[in-house]
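Take this structure first; my questions come after.
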Amino acid sequence: MSKVRVAVFGASGYAGEELLRLLLRHRQAEIVAITSRQNAGKPVSTVFPRFTGLDLSFTAPDVEAIAKSCDAAILALPHGLAAEFAVPLLEAGIKVIDISADFRLRSLDKYRQYYGEHPAPELLSRAVYGLPERYREQLRTADLVACAGCYPTSSILPTAPLLAAGLASPEGVIVSSCSGVSGAGRKVDQAYIFPECNESIRAYSVKGHRHLPEIEQEMAVAAGVPEMAINFIPHLAPLNRGINSTILLNAMPGCTIEKIGEVYERAYGHEQFVRVLPFGRLADTKYVAMTNCCEIGYTLDDHTNRIIITSCIDNLTKGAAGQAIQCMNIRFGLDEAEGLL
Amino acid sequence: MSKVRVAVFGASGYAGEELLRLLLRHRQAEIVAITSRQNAGKPVSTVFPRFTGLDLSFTAPDVEAIAKSCDAAILALPHGLAAEFAVPLLEAGIKVIDISADFRLRSLDKYRQYYGEHPAPELLSRAVYGLPERYREQLRTADLVACAGCYPTSSILPTAPLLAAGLASPEGVIVSSCSGVSGAGRKVDQAYIFPECNESIRAYSVKGHRHLPEIEQEMAVAAGVPEMAINFIPHLAPLNRGINSTILLNAMPGCTIEKIGEVYERAYGHEQFVRVLPFGRLADTKYVAMTNCCEIGYTLDDHTNRIIITSCIDNLTKGAAGQAIQCMNIRFGLDEAEGLL
Amino acid sequence: MSKVRVAVFGASGYAGEELLRLLLRHRQAEIVAITSRQNAGKPVSTVFPRFTGLDLSFTAPDVEAIAKSCDAAILALPHGLAAEFAVPLLEAGIKVIDISADFRLRSLDKYRQYYGEHPAPELLSRAVYGLPERYREQLRTADLVACAGCYPTSSILPTAPLLAAGLASPEGVIVSSCSGVSGAGRKVDQAYIFPECNESIRAYSVKGHRHLPEIEQEMAVAAGVPEMAINFIPHLAPLNRGINSTILLNAMPGCTIEKIGEVYERAYGHEQFVRVLPFGRLADTKYVAMTNCCEIGYTLDDHTNRIIITSCIDNLTKGAAGQAIQCMNIRFGLDEAEGLL
Amino acid sequence: MSKVRVAVFGASGYAGEELLRLLLRHRQAEIVAITSRQNAGKPVSTVFPRFTGLDLSFTAPDVEAIAKSCDAAILALPHGLAAEFAVPLLEAGIKVIDISADFRLRSLDKYRQYYGEHPAPELLSRAVYGLPERYREQLRTADLVACAGCYPTSSILPTAPLLAAGLASPEGVIVSSCSGVSGAGRKVDQAYIFPECNESIRAYSVKGHRHLPEIEQEMAVAAGVPEMAINFIPHLAPLNRGINSTILLNAMPGCTIEKIGEVYERAYGHEQFVRVLPFGRLADTKYVAMTNCCEIGYTLDDHTNRIIITSCIDNLTKGAAGQAIQCMNIRFGLDEAEGLL
């Protein structure tokens, strides 16, 4: 079988670097272009020194030319810009796998509220949400994949089965997450220099973080309710990679720890990238770093009748680049885990 | 005025080190003994190299002898053991300031449930809870001070005024905290070696942590209800010092952001060690490291009708040694901030 | 071709964990046993939670039984113990790849001086030093491989070609290295708990570290002199993985920066796991983390007539497990990079 | 006695923050102005949130106005700019304590070579090098103090006495230092964002770092030779505060470990801010963090006949702000340790 020819647009950030790391060991994919307006013409090693020796350079994002030689385009562009690239790529028949937030929200209103005007609203209905464990069948034929965000991935995977099974109430959900600093991107800002992050734990955007409507949307789908309102509190923590989400759900009558275990077993027993921990163990970012795995620990607190979940992913892998490749593998009929183990 | 003569029992851990750091610059206190069974006879610098050059050695914890030469005893001993020391010290007329958990819980049943048999239950009723911003008057005459725990300090200070004012419901309270590793003490255990903590965020004891009943007790006192049941989820984060507590409270009808601000102003406007942040700012552990300050940020989420609070302390200072000295200062009629600025 | 059947002895430390990580993705190797006296019978995930779900358990180190089913044994045992295991394994015809220090020193006297009595001195002469870039040919037929230590690998690779080419003097060599804390192993000791390592840089064993005679031996071989005496100063730094060695060499008359570049090109231009950086760039641990690569930067200081080298490896990969697998691949005629890219 | 009225120019960086921290607890100094062109008019807490509640704002650097109300000016300005401010301040009779590099080098040529044109060369001869342990007498009457740099402080203090006593050769000196990231200032640059520094150790400016001529100058003064040429290799390490310098000196004939100890005792036995460690102990940044102390460990390596020294300071305290205040205390006849313990 011939290899999938992949172009990565906007490849000069941390998600771009992780995409390269993963694609370089993917046996059925071939990188045909990596673009960066700012670094066009430069060898990849000038931006990512770990790839010193690799014969690959950034090019300008010439969609028309690149479209002629690729099968799939992975967009690691800022929101807004991603949609602008998606339009001509889709027209040229390229499968688009978007890591940005542009096509994650089904509601145009929510998009406007959290991100501003949408550059290509007509595409919203074509997008499939890129969370394979929830949307695998739709992803097999998707032309436009809207990869799930990092915080949403860590929050939706452990909650959706419980909401769907009626073990947890859609009311009163709380997600409190800590993210490593690579989650802020390769952003040069005083808030992210080492001495401002080291020895620091701080919450931010505690109301209305952009991932909030995405989490609410997918939890509501799982729960089978039209809308949900939850609290999502992100924190910045002094580590490079990893998200730890602690989630509290109100248990519904009849919910037991055994039933939770059974629901998880049914949902994820066969999944390669979701690891539900034996009862009593809690998740830890260090066990998922550099992997595409989501680790889930859980318990039931009789005291308050709440289900307590801890869920960890690597924000750059399962939270971004790894998920994109997993989606690509599904779309192109490859082994879903290729390049990801 | 003559100086307060202080003995520190169990001084070889991180809280002991912080007590020494603070007492050495205290102008009205004098260290008369620091005890450590294991290190008796050794200069303090063999255990804490930062004090190299200081002419001070550990002694065996000979209560009778030490009681003759001190006015106050600060106990940095494990729970259980602290109570055993408190008995003869109190009998000898020494003011006891206990950093352990032995006298924090008013309910003997709760103590048994969380810690085991109590070695000196008859003293429970004599203890005053060592959180000066809540119990200053009682502390002025207390013989036995049960200093508030680190997580409880960070949780109770920001919530008590709101519960007391009826702005927040006693139902459905959630506290999710991250602590630096010094919070585990100077414990030699595989879980705490550097590579197991670095690049790691993990929850632990998510049900029934020993600080849970203490937090519930003091929140219930503030709320004026007999009992409360909350969720308290502690996490270990890769920093040395600092606790960040994110707290969610259900807002009561009529609660507004302005009222919250007014309640805080009344409660803490005059306090030296509580810093309520201007609306819109959130707390950060790095701004309270090595200080006795509790920093509180807050907002009101209309979306879920919850009050969101972020609260930070240094677990070794306001969460342990600093608080002990603040209590001692109050008890001995000294400037409350002496040694702490 | 049938797979190489590998047994890992002493697999419960960080080097063992890294061996498992690498062997699990090796397409021509099969793990037939992992031993741990202490953890015999336990699933690997109880010791290394990241392998949760993997169907593999520790066994007791029953050499006789294991020898029947394996082709190669990788020893991740403490020095002294490794030699005891090597003897019966070699007798049973197993290829032994030893990560310990037992067979690295050719001089029995040096071994005694730095490590104590040698349990199997008769084997010393059979061992090949496991640094493929220097001993590849001998490794092809070696029965006993003494894998190079972590600090030695980072020091010998960048200096050997310059010493051999006569560009650098064997006199006055200085190696100052910083290692991440995983270099201390998974040792439970107060010196390695998080608060003792974080925010700390400290030198240790500045005279007579056990890696000193190993570095001197291999540098002397390269320089073609009977003996060398250098300074090797190791430091502990607050990171998990990585060694950075800064090396100063006295330049010999006629040494130029161009000649250094040419010598490196000849020595390593074709090597997959040595990356000599373009002139002007310096090495960084973060670019070799989780890889089997040694990154080398260099310059020539006219001011003092010294060659300045910075060299980085991942202590667990090129400094231990990766190197072992590279040696194994060579010994068994496999692609040298299998499992390592 | 009336308090020394201090103005801090260029107070918005990390050295400025540390100056504020120290001056606020100084009992004989009063802050009359803190300037920041960029932040003029803003409360100090907007730049340094830890000072929330402090009634102090940045002002524009109006030298003429400020000179009327202050006795001392501490300059925490970039080099070049500092000299421009020093001129009018000195003319107005203000004592100037400069943290920049502008007046550290006695040789105008060296300044030009490393920094460019000097804005006020006529002042060079008036400056006293601000390293109290070496220049205390001159500092008592200095109008212009050129505070020693951070790396130089950590290198000169442990070597000067040995060079002066003839125990160490001025030939072949090597200084290899690791600095925490605050040493780079509060600089917003991709190289200093958290994920680029964490899990990273890297050398930089290994030839011709700007602190090199300063170190060489002061070592030469101590050694009583006209010039010295040394190697100085700085590294960036993942910690906030602290410099660890490992220094190798060639021992002169007759040098013994006892003589080194005696020389240190004579030089520093009475010093409050230099802590020569008992023989066998090595320095650690964590024991000097947030202190004005320089910690020195040493040994003699018979093997190579080199003296090995490890020396640690807090780069922001003894390496910048603390040293400035120590110099100010000396100049104004105050207790040298005021504000620094």
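Just so it is clear, A, B, C and D label the chains in written order, and each chain counts residues from 1 on its own.
FYI, contacts are C-beta pairs under 8 Å (C-beta built on N, C-alpha and C of every residue); 3 or more make two chains touch, one makes a residue touch a chain.
Given the structure is predicted, the values throughout are model-derived calculations rather than measurements.
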item: Pair of chains joined by more contacts [C-beta pairs], C-D or B-C; value: C-D
item: Chain of greatest Cα-centre distance to chain A; value: D
item: Euclidean distance of C-alpha centroids - chain B vs chain C, Å; value: 47
item: Intercentroid distance (Cα basis), chain C paired with chain A, Å; value: 37
item: Inter-centroid spacing, chain D versus chain C (mean Cα positions, whole Å); value: 39
item: Residues of chain A engaged with two or more neighbouring chains; value: 180, 196, 198-199, 238-240, 284, 286
item: Interfacial residue positions of chain C with respect to chain A in the complex; value: 25, 49-50, 52-53, 199, 275, 277-278, 281, 284, 286-288, 290-291, 295, 341
item: Chain C to chain D touching residues, read off their complex; value: 172, 174, 176, 178, 180, 196, 198-204, 206-208, 229-231, 233, 235, 237-242, 244, 246, 248, 282-286, 289, 297, 299, 301, 303-304, 306, 308, 310, 312
item: Contact set on chain C toward chain B in their complex; value: 14, 180-182, 186-190, 192-199, 238-240
